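In what follows, structures are represented as structure tokens.
Note that chain A is present in both complexes that follow, paired respectively with chain B and with chain C.
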Partner chain A sequence: MSYIARRLEFFVITVWAALTINFILPRIMPGNPGQAMLVRFHGRVSPQTIKALEVAFGINNNESIFQQYFEYLGNTLRGDFGTSLTFFPAPVGDIVKQGLPWTLGLVGMATIIAFALGTLIGMLSAWRRGGFLDAILPPAFIVISAFPYFWLGLLVLLVFAITLGWFPLGFAYDLSSSINLSWDFAGQVAWHGFLPALTIVITSIGGWILTMRNTMITTLAEDYVKMARAKGLSPVRIMFMYAGRNAILPNLTGFAMSLGFVISGAILVEIVFNYPGVGFTLLQAVHSEDFALMQTLFLLITIAVLVAVLAADFLTAWLDPRTREQA
Partner chain B sequence: MRRHRRVGLLATLAALALFGSACGTSSNNNGNQPAIGGTLTIDNESGALWQCDFNPYNGSVNGQSFGVLYEPLVYDNLLNDKKTNWLASDYTWSSDSKTLTFTIRSGVKWTDGQPFSADDVVFSFNLIKQHSELDLQSVWQVLDSVTKDSSGKVVMTFKQSAVPNFYQIAGQTAIVPQHIWSAFKDPVSQVVKDPVGTGPFTMSQCTGQNITFTRNPNYWQTGLPRLQTVTYPAFLDNDPANAFLATGQAQWGGQFIPNIDTYYVARDPQNNKYWFPPINNINIWFNTTIAPFNNKAVRQAIAYSIDRDSVSKKGEYGYEPPGNQTGVLSPTFDSWIDKAQADKYGYKFDPTKAAALLQQAGYTKGSSGIYQDASGKKLSFTIIDIAGYTDWVASVQVIQDNLKQVGIELKAQNLESNAYFDKLFTGNFQLAYGSLDTSPGPTPYYELRNTLHSGTTAAIGQTAAGDYGRYKNPAVDTLFDQFGATTDSAKQHDLIKQVEAIMLEDVPVIPVTEGVAWYQYSTKDFAGWPTPADPYAAPAPWNLPDWEVTLLHVYKKS
Partner chain C sequence: MVVTAPVLAVDGLSVDYITDRGAVRAVDGVSLEVAKGEFLGIVGESGCGKSTLLFAIARLLSPPAEIAAGSVRFRGRDMVAMDEDELRHVRWRDYSVVMQSAMNALNPVMTIGAQLKDAIEAHEPASSQKIRERSEHVMRLVGIDPIHLASYPHQLSGGMRQRAMIAMALVFSPELVIMDEPTSALDVVAQRSLMLQIKELQRRIGFAAVFVTHDMSLVSHFSDRLAVMYAGQIVEVGATRSVFEDPKHPYTKGLMQSFPSISGPKERLVGIAGSPPDLLQPPAGCRFHPRCPSVMPRCRTEEPPFYEEPADLVRCHLYDR
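So, the complex of A and B:
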């Protein structure tokens, strides 16, 4: 159990470090949201108003840097991320809340499918090395994953949405409906999400196939696999429980990382398919020097990556007894 | 209003989508008594998800509320200055043009059932006085007071005669309900989630990706609107927005569409139409405080070195017509143009004339083919531009070529939009390509005044509301002030002609092309659209509050 305790300890320290860096960075960057607001209002605002705005944005107030720091920690824990500059006067929390579920749903689901499918294909093609599957799928997907995303996205959109009209052109659900819990709505979400998810899966699956296939080949040569064969175990059992279970370990951390980065969204997917996620918001925040929004999104990304890596550590501990014994 | 005009990542590839044949035909019988119904979808790239904030005084979100939800006192058509009484049933100017009295329409109700009254009007104007951030049109620069008199009329007094400011005050200021807005602690940072207005529609649902407007059955114009529902989806980029429009999923567009004839019209030539009326000038701004742009001859020479036709064709696909040096939009304001004077100067691409002007001013051609002054300093400048506006970037390239042929070197600095506006407003540039950031108006006065009047400018380093080039000419200031004091149309025309004379002789800015209201519409299921023959409103969905008027005219064909 000390393995898990050490992981947790490490997790807490990294989260604290991330929070602190997140606090410091905007304060040492050039530029000032108050000034940006002044330009936005075309000089229509009085200096007093600018002062008030600067206080609202959490800069240029009379508190010491330590006071500000603890206030920031408190606010962050309470989920109060301040006011967005780009979307003034909307609170950052609202903007993130609006897009995040869609991003998590779409990109998260697509990442899981790509990983699961890629791992399975990698495993099978290593098992039947040089077979039909091995000769076709890995090279095909690796070539596809080298395509520029927007090119593939627009092509898919052109064929399936514009020319054939099988799928909608964009959005997360029908324009006429509202968010609700019904089979009909779930169907809309799946229908609208199909093309974007498909493009994410086919562009990212190649990497998973390749790494899984390669580690699997090494694992297949291990003594314990030979031992399992000698025992006369069924091939399926050997493939999944002996070779596969060990070969997947190096991939897990990579998968956890990519799950964490799901939060940053897929900017190009959102642009091509006009999907209401959080990735495009991040792009806008960076463009317009919207520190409060940027900070919040980066913080969420960092924490998501850390949580995912932590989960992967736990999973590794469960899959691989050797990690548990160290200590 | 500023417009994004990004050409998307692979607009050209998307254009290939056209091999699909034009789709279905519809029975084309015009209904004689249009019934209420139909769902109209607006297509206008917003570049962001909706914030669901319906504050008509917040410049970044008022495009979704001012007009259809909140209304002005008088509707003043941007294209022809035709005024229609709206929330005011009548108005009169005092003889010295310093007092304006509105009679407020009776029988109007807010969408929550409360009666609308003169108190709401007084409240709205005083609200934006107290919170100058909300005063989008700077009406309190000329207003002195807004009060209700004993007979229930709204009386506005002015610091100076301000006849043309009628457009901003009566036509561009939204009236909000006092019984709701007086409860807002800080109206500047208030997010208005549940708007209550007097408009023809109510906001029935808003998500990040779409706003649904539903017909207000108690609207004061009885029988209107005839549309049951209007949906307004949010588009992050031009490409998906254009595809949505071209496939007929949206019927009213305000989009820049490259190759519109093949991409949009050809899909349904019977019904897919467009009209791009010019609404503002896209200029080259000189920083007139620095050499050599403080020299009239150099400014004139540059004006003779630009091939406006080719900028319009190569940079703007021919959709934005070439501008003219009078600064008066053609054809929108043709009746104001002094053609004889313009012909006398004959500004067009004329390298010989430009060379002559430069030589007269003491410039000689150096070995590199670039003109230089007596000290050997080359005529070599930097022009700022917005990198995201691909059409502007292309236009500037054409201008670079033109100037090079004459012997002037131009370097383009394509900036991210925030950085660009920061430089433009503070005068931190040599040359700038772009339009005024303030809304244009229904006569040439508005744009020309904001372009030339020294009262709109500021010192270098400070934010200017207009006159980004810091041009100062007391004669032109006086002309505008005289215009502001008269209600006599003939006199106004005469004054603008004198301003045109200054534009032609002094060349304080060079209008290169004319920005247009992008407008596409489909007559397949809907009729009643604004057309060149019936320009009852500025036609783009982002023309505020004109879009309300369009939505009141459009109806579903039966």
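So, the complex of A and C:
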């Protein structure tokens, strides 16, 4: 379909642009990882060691910038992102691979739950505008969403982990056990993930409620909703298929964007709950000027946003027949 | 004229729009009857309350509009007293609605077929085979290839969309079809062919129709009776021919002079001076008196009742004799 082809074309071009910018930025900054290593060891390294480090980090000044560029593109496509400074000598790819599933699982799930629940509440409160639900939930969650993440996280920890002792204080699983595929371990993960996920959901749900409520109210005034009433359809069917389905369309792109930012947006939560995700890794990378790691994470964030937007485009095409036509 | 009990009997129906500055009475004490199989045209300029009247009859008003007084008896039951749940079972099966713009009245994200299916399934359980047959049948009735059941509203032309909506309205062969300017979004040629088709379908299926329009010349060829609305009230009602050929009320006369006659002699179009009144503060006495060319002193203070003329009812003091 031409619409999908056009979206894919746009996607490929933007990914290429992101890769290129990612290549250029560190090269127009002063210093290099070898020098950074030198500073870390307070200059107590020999010139030979520096040379060796430069080779290890792939800083080969004899190659032209174009050779470097194509080598970089090739390496990136093969999943070789270089060596991490912070976790020297572990490859950056391995570091990211360790943290990514935790972040995607925790923040991704929490974001999806917040969107689904928020959209449902927004739809219901617009449907019964001025009703009980509408009077309580939207204002309450909007006030809560003004609280900072970390403050609410600490509060939740204080109440549910320290005072009541229902949930663990942090990390993704019991440190005494190792990662394996068992129901017992899955239970541990869910138990550890509950408080951080709860914090994310209650701080972000207010926005979804508000946007859905607003588009829903506009949609409810449309003639096709009146027509659906005239047809004698059941209220549930009118709410979901005639009003809700049209009202959700403008919110999908916002949802996709927020899914894309899952990787970067979780730093505070991961710090408060000591969660082993990539947000935490990014913080460490920034502290130790680990450019290879930072660069990879930034690239990952960019690509995550692009993939999410692409997915939203496809979803919109599926839900809204009008977008499938030629522009 | 009306022998059997009317299909629809509206009595003293009033509709208020609740605003910050008080209630605006958009429809004021309207009474009318529609016999079985009768085609009633309601004409009036924009803002005279004709669409509000129509949606009040169909019980489709939404806030801030609400029915303030009166009754709407449809097949002997008062619809004003019915709640949404009771109405749901009468809707579409017994009376259906055709709206002004099918572009806005059809759900943009569902195919025509899916929307037809929704309407059928809401009222009786039917197999998908039967639903398809029924859908194809009504599509053919209005002259659209059933292939378009798989089309989305935006893929059809304006005329086809309007026809598709009429097809939808006829799926249960209802006794009454309420139409709100269904042709106003179309060009003159498409308008005429759609009107002919509506009339033909009405003859075949035998539904009664209430047809609202601002276009008096359009409806005059098709309606049995004509009601003229001004500022929320019916000012004249009677057989179409009689209203059209011998208008009684000065407002109706004004309307007749504001469009050209193709066959008649060349005349200067006159129109009606002034503009419709502010319904928040309707004029005292006859609502038309500030614009009326034959205004008399009593018109300013005394609201005229309906005076009976041979074929018409007219709300004007000129006919008080």
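In this section, the second predicted complex is superposed on the first by the 323 of 327 C-alpha atoms of A that agree within 3 Å, B and C clash if a C-alpha of one lies under 4 Å from a C-alpha of the other, contacts with A are read in each partner's own complex, and residues count from 1 in each chain.
In the analysis below, a residue touches a chain if its C-beta (ideal position, glycine included) is under 8 Å from a C-beta of that chain, and two chains touch if they have at least 3 such contacts.
Nothing here was measured: the structure is a model prediction, and the numbers come from that model.
A.B. asks: Looking at the combined model built on chain A, do chain B and chain C fit side by side or clash?
C.D. replies: The answer is fit.
A.B. asks: Examine A:232 and indicate which partner it touches, taking first as chain B and second as chain C; both and neither are also allowed.
C.D. replies: A:232 contacts chain C only, not chain B.
A.B. asks: Please tell me which partner, chain B or chain C, touches more residues of chain A.
C.D. replies: Counted on chain A, the partner with more touching residues turns out to be B.
A.B. asks: Once the shared chain is lined up, is A:287 touching chain B (first), chain C (second), both, or neither of them?
C.D. replies: After superposition on chain A, A:287 lies in contact with chain B alone.
A.B. asks: According to the stated criteria, A:274 is in contact with first (chain B), second (chain C), both, or neither; which is it?
C.D. replies: Touch status of A:274: first partner only.
A.B. asks: Check whether A:16 is in contact with chain B, with chain C, with both or with neither, and answer first, second, both or neither.
C.D. replies: A:16: touches no partner chain.
A.B. asks: So, does A:318 touch the first partner chain B, the second partner chain C, both, or neither?
C.D. replies: neither
A.B. asks: Minimum Cα separation, chain B versus chain C, post-superposition (Å)?
C.D. replies: 48
A.B. asks: Of all the chain A residues, which ones make contact with chain B and with chain C?
C.D. replies: No residue sits in both footprints.
A.B. asks: Mind pulling up the chain C residues that touch chain A in the complex?
C.D. replies: 55, 58, 60, 62, 84, 87-93, 96-97, 99-101, 104-110, 118-119, 122-123, 152, 154-155, 168
A.B. asks: Going by the contact rule set out above, which residues of chain A touch chain C in the complex?
C.D. replies: Within the complex, chain A contacts chain C at residues 221-224, 226-235, 237, 241-242, 245-246, 249, 319-322, 325.
A.B. asks: Using the touch definition from the top, list the residues of chain B that touch chain A in their complex.
C.D. replies: 8-10, 13-14, 16-17, 19-20, 39, 41, 47-49, 51, 53, 58-60, 132-133, 135-136, 138, 188-191, 205, 207-210, 212, 231, 233-237, 239-241, 243-244, 247, 249, 416, 418, 421-422, 425, 437-438, 458, 462-465
A.B. asks: Where on chain A is chain B touching in the complex?
C.D. replies: Residue list for chain A touching chain B: 36, 38-46, 49, 56, 83, 86-91, 94-95, 98-99, 150-151, 154-155, 157-158, 161-163, 165, 169-173, 175-176, 178-179, 270-274, 276, 280-281, 284, 287-289.
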